[in-house]
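Common to both upcoming complexes is subunit A, partnered first by subunit B, then by subunit C.
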Partner chain A sequence: MKIESREIDGAVVVALSGEVDLQHSPSVRKHLMDLMFERRPVVVDMALVDYIDSSGIASLVEAYQMARKNGTRFILAAISAPAMRVLQLARLDKVFALADTVEAGLQA
Partner chain B sequence: MRILERPNTLPAGLADDLDLIAEMTADFARSQDIEETLRIGIAHISTRMEAEAASIFLMEPETGDLVCRACWGPTDVTGLRLPKGQGIVWRAVNRNATELVKDTSDDPDFSHKVDANTGFITRSVLCAPMSVRDERLGAIELFNKKGGGSFDGDDRRVLQALAASAALALINARQAAAMAEQQVLKRELALAADIQRAMLPPARAPEFPIHGINLAARGVSGDFFDVVELKDGKLAFAIADVSGKGMNAALLMAKTASLFRCLAKRLDGPGAVLAAIDAELAETSSAGMFVTMIAGVLDPASGTVTLANAGHEPPLLCCGAKMDRIDDGMPPLGIVPELFAQGCPETTMQLNGGALYLFTDGLTEAGGTAAMLGADGVAARLAPHRMRPAPDRLRALVSGIVEDGMSLKDDLTMVVVEDCRTAPVLNRQYQARPASLAAIRRALTPALDRLGCPPQVVPDVVLAVDEACQNIIRHAYGGGEGELIVQVRGDAEMLDIRLIDFAPPVDQTQVCPRDLDDIRPGGLGTHFIRSVMDEVEFLAPPPGAGNLLRLAKRMGGAGP
Partner chain C sequence: MSTDPPSVEVINLNTHYGDRQVLKNVSLTVKPGEIFVIMGGSGSGKTTLLNHLLGLLRPSSGTIRILGREINALSALDMQDLRTRMGVAFQSGALFSSMSVGDNIALPLREHTNLDETTIGIVTRLKLEVVSLAGFEHLMPSELSGGMIKRAAFARAIVMDPRLLFCDEPSAGLDPVVASSIDDLILRLRDAMGMSIIVVTHDLDSTFKIADRICVLDQGEVLALDTVDAIRNSPNERIQNLLNRRTEEAEIDPDAYLRRLLGEKEKLRDEPASRRNGL
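On to the complex of A and B.
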């Protein structure tokens, strides 16, 4: 699994790729929470997520809750089909702010 | 204040002597090549001790002769050999004491032969033996004090000290050389063991019907097992134990193994294979060596095994709780060729969903006569590991024996032949840790495909199993070490996945899906499992296990 961050228009785009499972979700969580503590607007690019489990979803939920408390932007963008399937199973597809593309997420 | 006057210099002669001893001792200690050091040292010693000539004699271990290995002075006597005798050098060595002969003409032991050959005139001699404890290594001999005088008591003490440190250096150098030689031997033995291990069949996927394990009591083994795929889809297998241990046994094992590989594909049936190996061994083996061996053929399609046994430990057929010894057999191979002239009888049996265990007597003998494992012991040791995939089961059994402090007196080899018709399509054991989850998912996908699980359902089932494994890792083991077995079975109706762990029993009332309206991290996993699978239940775990979780899904049924 890989986590890559880049800054675009003052927001941080965090691109996750590969398998976000119990082995790797702690580093995803830490990465996102560090950005949340800095109150940075974040767009998570999920186009290349092949797999995500409950621990990966939990990391996203935690970051989302923090963003909401802080009033900062936290958007899941370009969600791959396997990741979307898991979000739907968790019925969280209606909870998160979603965007079809990273660009749309940045403009939201 | 009165200052006590203290001499800050030693008497000149004593200081020089101490310098010489210190220098030579340091040279000896540093030396990589002690005889070379002695050659250089002898010149130094002679000059400093004002001798006209000097020789160093070392004891030659093969002959017991004293041979001159280094000398200094007007004549070269290197190579001079002194057979055990009465000369002054021998006297010093025999008495293990320094000999001071002020005038050789007074000493009846002095041999004039060397002087006669070399033209050197020996007036006085100082000879110190080199020895460490009781081991006599040789002697240092000085000739004629320069200026016409003779050696004195001080010279004697100095040479004695030098000889003692030279002796220590010599013995160190010899021990180092012996150790280096042993290292070479050890490397060669390790290489032989490597080659031998390479002759054993490679590890197969756990679902393969035949597995074996071999543990050598020493570097090389007299045991072997092998599996050969035959053209008709059947599998030929063998286990054998060569009499004796060490290199001889290993070489005979290599020969037997090659014969089996070659003959199993050509001859019809295990009896014919054993008879042919016997004929070959009886003709060419060294006397007193023999081989106990079982050859067999498994027909995976029918679960039928045909065996031939030549003097080997009877195998065990385990079917449910029933254990049967398969006692039929012949004497060992390689003893009398006539024994197998009529071939070797075969026994045929049905595995009936069970497994056949073959082992060498390393297993039944481990621990010595008092605690012989015996066939019953093997059965008892197998019981707590029955649910494990075959390779892990064999490893658990063997490590159990080693951990119990039973010494491995003989090589230990075990082979299991299973009925793959009733076996799970996936049967794997993993370490219960997050790093194993990716491997579990990788193994699950093709197994689900093979069972005909619809492609859109596969990722959901993989997620559900992953989540259930996470629960085992995080909750059942609580982050501690342990193992996790994943078994996948199924047919057109039902997909049946079983997760077995060895953790303390889980309190099932604590396992419930979270309320989805409560958006909290965590607790999602159980919800995933229940959403995807049709049946989720804890069953009574098999003996030795902690928990058994069954996850089932109706095949072709509508997804959630």
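On to the complex of A and C.
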């Protein structure tokens, strides 16, 4: 699994790729929570996520909740089909702020 | 369907309880992402087969591979590691009565991962949402209905996002509406998580709703292993009897019947002739 961050227009685009599973989700959590503590607006690019398990989803939930508290932007963008199926299983597609593309997420 | 190696492979499995052979040359394969139903009447060997797949029994002979690992050749440590990739929803729920629902569900994560307690809490509540038990984490198992216990057991079985999920009689003892909701849950889990799911049941409605393929066990043997349509249309009389809930009159062996009535030892029949004759 890879986590790559880049800054665009003052926001941080965090691109996740590969399998976000029990082994890797703690590093995703740390990466996202560090950005949340810095109160940075974040767009998570999930186009290349092959698989995400519940611990990965939990990391996104925790970061999203902190963004809401801080009043900062936290958007899941370009969600791959396998990741979307897992979000839909727990009806979290109705909870997160979603965007079809990273560009749309940056403009939201 | 994936072209990955099978999730489960059983080759010529034989097992005995004492002198009695319970499984006879059972062979089957479960593909990744498949819902595979093992069905049969009482005493057909379903539960024994399930116990073998879980690594709880050692066979007399034969090979069992789970997620590519031959389980009877694994060390205890390797078996434990393999079990973290398997989930089991037991017929009775098997929840720890001294723990809350939430603690029951969180237990595998606390035992087998180093996840932060906040993450464990979110995953636990996520699973309760998935099984429609949101907000029940503080209740004790004794405060749940039968259907809720089944769903809590499912939540615990899937909390580690297993690659392989076993369900033992998931609809037993439930009313038709709750039983149907458990079937829907099994279908959603497979579709969302890509799990292979093995269901042991004698519930025909449930079987026809969820199965990709069905293995019919009869007296310890695989009577048929095929798709739902093929099993439904099978010309085999025993399968049709099972599907149409017709009881079968067992063929009478007059000698054995008399021996039973007279209280003589049934076992003599199975002993080698040399021993019976005292040679």
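The rule is short, and it goes like this: the second predicted complex is superposed on the first by the 108 of 108 C-alpha atoms of A that agree within 3 Å, B and C clash if a C-alpha of one lies under 4 Å from a C-alpha of the other, contacts with A are read in each partner's own complex, and residues count from 1 in each chain.
The criterion applied here is as follows: a contact is a pair of C-beta atoms (placed from the backbone, for glycine too) under 8 Å apart; a residue touches a chain by one contact, two chains touch by 3 or more.
These numbers come from a predicted model, not from an experiment.
On the superposed subunit A, the positions of subunit B and subunit C overlap enough to count as a clash. In the superposition on chain A, A:S27 makes contact with neither subunit B nor subunit C. When the shared chain is aligned, subunit B and subunit C each come close enough to touch A:R85. Look at A:V95: by the touch rule set out above, it reaches subunit B but stays clear of subunit C.
Contact with both subunit B and subunit C is seen for A:E62 once the two complexes are overlaid on the shared chain.
In the overlay built on the shared chain, the residue A:E19 is in contact with subunit B alone; subunit C does not reach it.
In the superposition on chain A, A:Q107 makes contact with neither subunit B nor subunit C.
Once the two complexes are overlaid on the shared chain, A:S54 sits against subunit B and subunit C alike. Listed for subunit B are the stretches 277-285, 385-393 or 403-411, of which 385-393 clashes with subunit C, judged after superposition on chain A. Put simply, subunit A uses residues 21-22, 53-55, 57-59, 61-62, 82, 85-86, 89-91 to touch subunit B in one complex and subunit C in the other.
If you check the complex, the residues on subunit A that touch subunit C are 21-22, 25-26, 29, 53-55, 57-59, 61-62, 82, 85-86, 88-91. Of all the residues in subunit B, the ones that touch subunit A in their complex are 434-435, 437-438, 441, 459-460, 463, 466-467, 470, 473-474, 516, 519-522, 524-525, 527-528, 531-532, 560. If you check the complex, the residues on subunit C that touch subunit A are 113-116, 118-119, 122-123, 126-127, 129-130, 159-161, 188-189, 191-194. Across the complex, subunit A meets subunit B through its residues 19, 21-23, 51, 53-55, 57-59, 61-62, 65, 82, 85-86, 89-92, 95.
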